[in-house]
Amino acid sequence: MCRFLLYKGKSQIQLAHLLTRPAHSIINQSFDSRLRLDKRRPINGDGFGVGWYESNSGPDNTPCIFASVTPAWNNNNLARLAEKIKSPLVFAHVRASTSGTLSETNCHPWKYNKLMWMHNGHIQDFNKIKRKLQQSLREEIFLFVEGNTDSEWAFALFLNQLSNPEADNFDYKTLKTAMLKTIEQLNIWADEAGITEPSLLNFAVTDGCTVVCTRYISSKTEEAASLYFSSGTNFKEYKPGHYKMVKADKREDIVLVASEPLTFEKADWLIIPTNTCLVITPKFNVLLTPIKDQFYNIERAKKGNFTVPPAIM
Amino acid sequence: MCRFLLYKGKSQIQLAHLLTRPAHSIINQSFDSRLRLDKRRPINGDGFGVGWYESNSGPDNTPCIFASVTPAWNNNNLARLAEKIKSPLVFAHVRASTSGTLSETNCHPWKYNKLMWMHNGHIQDFNKIKRKLQQSLREEIFLFVEGNTDSEWAFALFLNQLSNPEADNFDYKTLKTAMLKTIEQLNIWADEAGITEPSLLNFAVTDGCTVVCTRYISSKTEEAASLYFSSGTNFKEYKPGHYKMVKADKREDIVLVASEPLTFEKADWLIIPTNTCLVITPKFNVLLTPIKDQFYNIERAKKGNFTVPPAIM
Amino acid sequence: MCRFLLYKGKSQIQLAHLLTRPAHSIINQSFDSRLRLDKRRPINGDGFGVGWYESNSGPDNTPCIFASVTPAWNNNNLARLAEKIKSPLVFAHVRASTSGTLSETNCHPWKYNKLMWMHNGHIQDFNKIKRKLQQSLREEIFLFVEGNTDSEWAFALFLNQLSNPEADNFDYKTLKTAMLKTIEQLNIWADEAGITEPSLLNFAVTDGCTVVCTRYISSKTEEAASLYFSSGTNFKEYKPGHYKMVKADKREDIVLVASEPLTFEKADWLIIPTNTCLVITPKFNVLLTPIKDQFYNIERAKKGNFTVPPAIM
Amino acid sequence: MCRFLLYKGKSQIQLAHLLTRPAHSIINQSFDSRLRLDKRRPINGDGFGVGWYESNSGPDNTPCIFASVTPAWNNNNLARLAEKIKSPLVFAHVRASTSGTLSETNCHPWKYNKLMWMHNGHIQDFNKIKRKLQQSLREEIFLFVEGNTDSEWAFALFLNQLSNPEADNFDYKTLKTAMLKTIEQLNIWADEAGITEPSLLNFAVTDGCTVVCTRYISSKTEEAASLYFSSGTNFKEYKPGHYKMVKADKREDIVLVASEPLTFEKADWLIIPTNTCLVITPKFNVLLTPIKDQFYNIERAKKGNFTVPPAIM
């Protein structure tokens, strides 16, 4: 299974602080990880990608993506770019392929004008719903897909939920609604195809301002792939390779979401409950909502160590 | 535009004699070619592939394919393999992309069990017929495609014309009929989509015994991409890098078909007329047939320097 | 033969305006070039590299380098980065290998702390002087080299001329002297080894402020590899893919040096005379000096269309 | 740390039986290995290589090498070639880089005419002896090296011990002597440079007939990197992915040497004692000799589960 990471900050972060310097960065995670569900594919060596925005707004604020099929831990271009590039909104992904051959077109994240997407998990028996998914798409979205992964086709399905996927701005509710409809549609097709094994649908999408992501499994009893959350005012390197999240006051200047904690400070990280949608608004409000469909299970939802406000339970 | 080469011989040839040693080999052609129609993409540096069979028959005689996205002229693996591998049936292809991103999954040739396919040219406005083509395919063929080129989808369309594309043996007429139906179907869809610019459809397919290839354009007046033919008893290197086709007697022990002549001996090569289907049977009979559809033009067909028997005109 | 390009501007340029958008950019030059001396290697498809500084000064202002072995014209990462990255000082290089295998470590430019280097040409019979060159180097410079090209070893030789190659700042005279000593030393070794064919030594080096480059051949009669020069106040795209150098007043805000003109405006470009050293100072003074060694030829030097001031002739 | 595998058989083996099909093949070892000393680099994802001979003799019987920088477990070319290529003598290597950047020129094995070489381990503080090593080499061997790894330079040092490294045939004693002199010379230089940490020198070399390999560490007390040995008459797949070595009679038709056992049958594999030289002669005699230098330790040597004949202890 893959792993991903997203950063949204009021100020820019140098990519190296997320990608290459932390002892437990996403790239070092690709070496040695202990939290994965899927023991069959123990190494994330099947390519990686990183996408970032230059600023928090602006008409040309489309993301830039750097992807490669060689392993992230030995990519000189990545190491050099990470030392120079700064960004207030970063998606990063290391891949262990479950579907789709090894090629740059199959590396996450993908972009469509201002939108950027990545996925940790897999759509169960994707081949059984691939044709239906493709037929449901509007022509320009059908033709946009370049690779052959379930994850990129899921992005296409998401885009198809938006009336204007090339818009300059999106209301956060629009993105969240499209995300939930994407999952709902995948569940409908899985049901029609008689697929009983669950899909692992940790998705993340952003337009450069808002971030919407999910920790989701189409099962009432199993756990979704892990997803953690951290926020604060400063992501600080207190000794080489060792970082912690500093919370100077109640402000949220930085939000990190990751398949596994990036720091060794346990208190920095909260587990996002299974089958939850997380939204980071442009004003840095973080909204957690349970996804209350046929797979919702209130006992499982309580396992996350968020003090989830009763209102949203 | 791309270029391709195919060899069928009664005995094996070392790949180097086709690929790397001839001064005007397909790889050196990728540097410097003078015969191409498409001046917009003057270099075939967008990957290459070579596929070969170990023998002329046998149940396990599926092809082996080596493909790469780095230019053929500087690929050490190719240079070393070509010095060692021998085969009686070889397809080779260098690519200048017109559709499909640069990835190994987009490199020709492709295989499906015993069948192997490559294409020189492009399907005009492929995006306008892509969805119809995909919808026409049987499920296992739809799911077999891994890349996103017009050429691989054309292979899928070809496979879809066969009742059993996983058969061990194919009658040459079966393969030829499927090839002609593939072209016919592409023409129908182009017509339905209102596409008026012609497609360039030099296709080649083999099952390891029979070869069927076409020089074709969906235009009544224009010329198809070039295609040459040579046959004899020995493809001989008479001085380093310089080859000629030796014709010891009337037997045909070797047949070569190529986008451009591999030798500087003009007499070795015959031009295959535009809109012609060429078949090499398992017994080395070479059959040329004009493709007599709405784009057939007898004046243009006569331009090839084959003395085409009146019977097949 | 390779080709290179360098840009130094008072303000930042988006890399796309140099690399990907101009119809005759260095990447499109790699397709189709008419000015090269070496007809044996007609295509620059053996990798490329681009290096840039974020600003014009500062203690951390080391260059960032992006290099790849796949052809520049089909590299999605390059295309995307070029649309986003801006810099006041850029080196770019496309490679047609004459020495050194295809690998990222053999792609120009290289960097050493703040210094960046590239080379267009080759050191004749480099193998005959390789050992002497290596033995002449200080330990840390000997160990710094990662690849196996004549060009990277020439960079090492240049570094060895500097008393402190890791300095934060260099006087432009220091860099120029080191460059001329590098050429002189190569000539001495060539002489000792009995090498009579000339070397083509178009070198460029920068510390992020000063640029020193040469158009040089170790021959009294032959021409060096081409090198052009343009300066002005604005490098402007007047229609898609078509650029010109605008000279609003006598200020030099932009200096471009390139193996071939980037624009179709003949008047924008001056030929740098063979065996000349060009310096761009931090204050944008452009100094041309003939290299008056045993290969100096005043008649040949006059062929450049610079009105070279008599003083420096 | 890397791992390697070598096969020598009286008849040819299909590469897939060594590389891709065994559940614990060298490629699957690259995913999940439990026996390594170096925990810092837990994944062998930094490229791989495989080299093989077509037959057991003959003037043109030079090895063919296929190497790649993408991980072995996801390399379609390797998977396809392994299904087709058969050989009586195979070297395979997966790499976790300790020195040398990621490039094909840094992938093992390397060849020099008929000789082929690979290394599992590293030369401690190689930079401190690199210059001396290079200066000791004859010119043609100095110039032969293309990469920048300690392992390839060790091959050069080995070649330099041979009076004619381009010979068609080598006596097995010649190869063994050159191997021991290579280790001895490395130890002398390490001593002169004041290097106290040990080097791990599991080397393997062959001329296509004889194989010489070592399990060696330049320490009197520590264990060398693991190395196992298996021999028999048939390397048999008894159920998918599960192999065992069949010993039909006392003949040795197959010899396998590997960093880790390829089968789950414990009895198939013997540990080669630390600081031992193993020779497989053209007639399939397997000779084990302790390397009795300053690092020899008879107590440690007894730990291998070979019943080493007293004569050679």
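When the chains are written out, they are named A, B, C and D in that same order, and each has its own residue count from 1.
Note that in this section a contact is a pair of C-beta atoms (placed from the backbone, for glycine too) under 8 Å apart; a residue touches a chain by one contact, two chains touch by 3 or more.
Chain-to-protein mapping (UniProt): A, B, C, D = Nucleophile aminohydrolase.
Bear in mind that the values here come from a model prediction, so they are computed numbers and not experimental data.
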| item | value |
| --- | --- |
| A-C compared against A-B, more contacting pairs | A-B |
| Cα superposition of chain A (Nucleophile aminohydrolase) on its sequence copy chain D (Nucleophile aminohydrolase) - rotation in ° rounded to nearest 5 | 180 |
| Rounded Å distance, chain A (Nucleophile aminohydrolase) centre to chain B (Nucleophile aminohydrolase) centre (Cα mean) | 43 |
| Distance between the centres, which are taken as Cα means, of chain C (Nucleophile aminohydrolase) and chain A (Nucleophile aminohydrolase), whole angstrom | 42 |
| Per-residue multi-chain contacts in chain B (Nucleophile aminohydrolase), two or more chains | 76, 101-102, 104 |
| Residues of chain D (Nucleophile aminohydrolase) that touch chain C (Nucleophile aminohydrolase) when the two form their complex | 101-105, 127, 130-131, 134-135, 139, 142-143, 145-148 |
| Touch list for chain D (Nucleophile aminohydrolase) against partner chain A (Nucleophile aminohydrolase), complex | 31-32, 42-43, 45-46, 69-71, 73-76, 97, 101-102 |
| Contacting residues of chain D (Nucleophile aminohydrolase) [partner chain B (Nucleophile aminohydrolase), same complex] | 54, 64-68, 76-77, 80-81, 83-84, 104 |
